[in-house]
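Please find the structures below.
Both complexes shown next keep chain A, but they swap its partner, so chain B is in the first and chain C is in the second.
Coming up: the complex of A and B.
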């Protein structure tokens, strides 16, 4: 018989770390400037894809780099940082190539429709929004916000993976890596989906009024990830 | 590992990833998947029936992740059974392409048949001409992603399993394809009938171009156009992601100590900062070159 309470109490620090990692991912998704389907027609500011998809693409790239780093070091800070860097690189490369397409392929300058002046560069925005659209492309503030989102998502994913790998268990390493990585991907998706109810398809970044709604999503993620973490810790710790 | 060997493997991975990115985007253009397909689906409802292959199996990332995970799992099983890696990767990619082709056909029938009330025809010859192209592109994408994943597992000794790495890179290539190349298809190719140099006016929604250079436009015409810009830049984006995320640790190998590991992290941050500055540069240059869409009301009043 598995000692459920014993396993949970022995790994309580990891249950908390996984839960915090989930909340971090949930918060990070609010930073990512996604315009959904309208942005693919240059009808809205941000990247032309879905919230979950882009956050997952970046976060999972971070998970790959964090997984590689964890194999060679035990330094938690370095593992989290390498997760953040992997996700930031994916996000910024996607955004810069997106900027090429908006500028050279579609022929419209980056512009935000949510603010009159870019909070970072202080550039005027409304004059550059073409008729019948809600902005297009990636103004500097959205780009920076996306990089921050990528970094936080990468840290969150790496924290979850690190915690899962640190649980006491009797598994051979190859099986432990398999279980930990699949749980990390699963928990990542749970927390990438929850904020999309707040975002409702489009968000420009931290300057968007929708960004202020993040506490609700973070709270929901804390609760959802807590249950996920219990299942994950029991599954890995019980073997 | 020797730094030079690591660099060589990374270069090969970057090249394979570049091809995977380009073929992923062109596959989504032939079949009209992802976000721009919202306009293709909307068109018949706005009384613009068309001859474009409309398959939206799912969002691009899950669809590519499914394809790559199927390919990766098949390849992994074959390698475990003793097959050579090259054969296993090819067979894995063929199985994935066949399953993707099945989904494409059912998606096309479903999407088009459900729009019967808007007089949208179901073109059987489109199935015969487009599905092999879609399967061909999906074979190339899956094979290249499997090459990247296999090199990571077998040479760079990444701890994740081959199917999981293929799944993750499938999600990433789909996310990049739908964020970059698809904009060229959705914002430019679908709406060449409106003036160049602006986002799609909401009033024009659904009014996609339906006539081609010769005859009626179809998905292959779209991939011909997007292969000039959207496809290659998607390839560059995915290639850069795979290459740069591995390059920083190949250059500053963290196995030699945590200090060097931190240097690799700092290098990554510097790359990101350079990209932020590059984006700012593009923003300033584009605004200077294209100008504003409307006059500043305050300035206009002062001038009057």
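Coming up: the complex of A and C.
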């Protein structure tokens, strides 16, 4: 039988880091402009897919870039930055191509229905919102918000992956990478779904009134991730 | 009557029977495959996939029940959540449990599911009365799915072998998506005012059979398991599932008409 208390006490710093990473991911989802199915029909502002798919896309890109950086350095700051940049690039590319499709393909101007003036560019929004829709496309404020969300999600994913890889264990590297990836992906999905229930599936970005609900999702994610991180540390540390 | 947001779903088969079917079928499949592969031969590894299909049908039934209340977000999210919780619990259970690994995995999945279900209702105020029990069911069903497909691929749930042949090689991602699809897709494809339990669940059988075929293909390169029988039985089950689904679609539709071929360019002019 494994020494539960000993392993936990030896790796308590990583338990805390994983829990923080989960909370960061949960917070990051509130920044990402997710429109869901209505946005896919250009009837709501945001990217036309679900929270989980977007958060997973951005977070997993962050994991891959962080993993690539881990091969050349042990510097935690560089690894987190690499994860953040990877996820930001992924989010930006998704949003800019989405914006082209909405503007040149569907033929609707980017407009937010939640605010009268774009908080960043001060452009009038409500005149451009088509009747019967809740906005469409990706206005500047949603784009900026999405990039911030990508950065936070990437840092969270990289922090989880880095902590899992740093736990002391007797595994060969190739197996450790597999274990750490599986746990990171599992924790990532749990923390992408919890905020998506909190915002009811759609949000425009940090200017959306729903954004104020984030403390509840962060609290829920802290509790859930803490439990998951104990399980993850015990299984990797026990081998 | 369950139109994604209208309240409790009508059930021809009560959920308690499906829970019993999922847990018992899943565990019997997992342990029977584990012991029979040793005693009879590698080709018995297909029983693990049958256990996984029991778990998938249970998971799809639980998703159907909870998603009928309207989650506010797409049904796929809950399937990904199921496999996310399941993969954490499975890796933990198999890593520390030895022969009791699957049971430890199921118990830890149930705890994670109950925790997230309570958080959804108490902290996020989702207000779905069956959230706690459904999350517990979905996490456990996801775990059975993952362990069952793992055994179909490797013929065992001994952790060193699973780690080498499923996790490090990345086939865990195939299990993740194929198993998640079998749990989330049935209700997602059938939801609406005329949704019926048996029509939804037979899609779970059909998707499970596809996952079984994929597991069989992976098993052909692993020495501990044999793939040909898994692939053959998977294809047979897929045929049963698909034709059964088509029967039920015809039964529930007002009328099924053939449209004929699309008109050619000359005919349109």
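Going forward, the second predicted complex is superposed on the first by the 239 of 239 C-alpha atoms of A that agree within 3 Å, B and C clash if a C-alpha of one lies under 4 Å from a C-alpha of the other, contacts with A are read in each partner's own complex, and residues count from 1 in each chain.
Simple rule for what comes next: a contact is a pair of C-beta atoms (placed from the backbone, for glycine too) under 8 Å apart; a residue touches a chain by one contact, two chains touch by 3 or more.
The shown structure was predicted, so the numbers you read here are calculated from the model rather than taken from an experiment.
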item	value
Which superposed partner A:225 touches (first chain B, second chain C, both, neither)	neither
First (chain B), second (chain C), both or neither touched by A:86	first
Partner chain in contact with A:50 - chain B first, chain C second, else both or neither	both
Which of chain B and chain C A:11 touches, first, second, both or neither	neither
Which superposed partner A:112 touches (first chain B, second chain C, both, neither)	neither
Which superposed partner A:61 touches (first chain B, second chain C, both, neither)	first
Touching partner for A:127 - first (chain B), second (chain C), both, neither	first
Of chain C and chain B, partner touching more chain A residues	B
First (chain B), second (chain C), both or neither touched by A:97	first
Partner chain(s) touched by A:185 [first = chain B, second = chain C, both, neither]	both
Contact residues common to both interfaces of chain A (with chain B and with chain C)	36-37, 50, 53, 56, 174, 177-178, 182, 185
List of chain C residues in touch with chain A within their complex	71-74, 76-78, 80-81, 83-89, 91-92, 95-96, 108, 111-112, 115-116, 119-120, 123-126, 159, 163-164, 167-170, 172, 176
Residues of chain A touching chain B in the complex	36-37, 39-43, 47-50, 53-54, 56-58, 60-61, 63-65, 67-73, 75, 78, 81-82, 85-86, 88-90, 92-110, 121, 123-124, 127-133, 135-140, 143-144, 147, 173-174, 177-178, 181-182, 185
Contact set on chain B toward chain A in their complex	34-36, 38-39, 59-62, 152, 156-161, 164-165, 167-168, 171-172, 174-176, 178-184, 186-188, 190-191, 196-204, 229-230, 233-234, 236-237, 240-241, 244-245, 248-249, 254-255, 258, 261-262, 264-265, 268-269, 271-272, 275-276, 278-280, 282-283, 285-287, 290, 292-296
Parts of chain A lying in touch with chain C, wherever the complex brings them together	2, 36-37, 50-53, 56, 174-175, 177-179, 182-183, 185-190, 192-194, 196-198, 200-202, 216-217, 219-220, 223-224, 227-228, 231-232, 234-235, 238-239
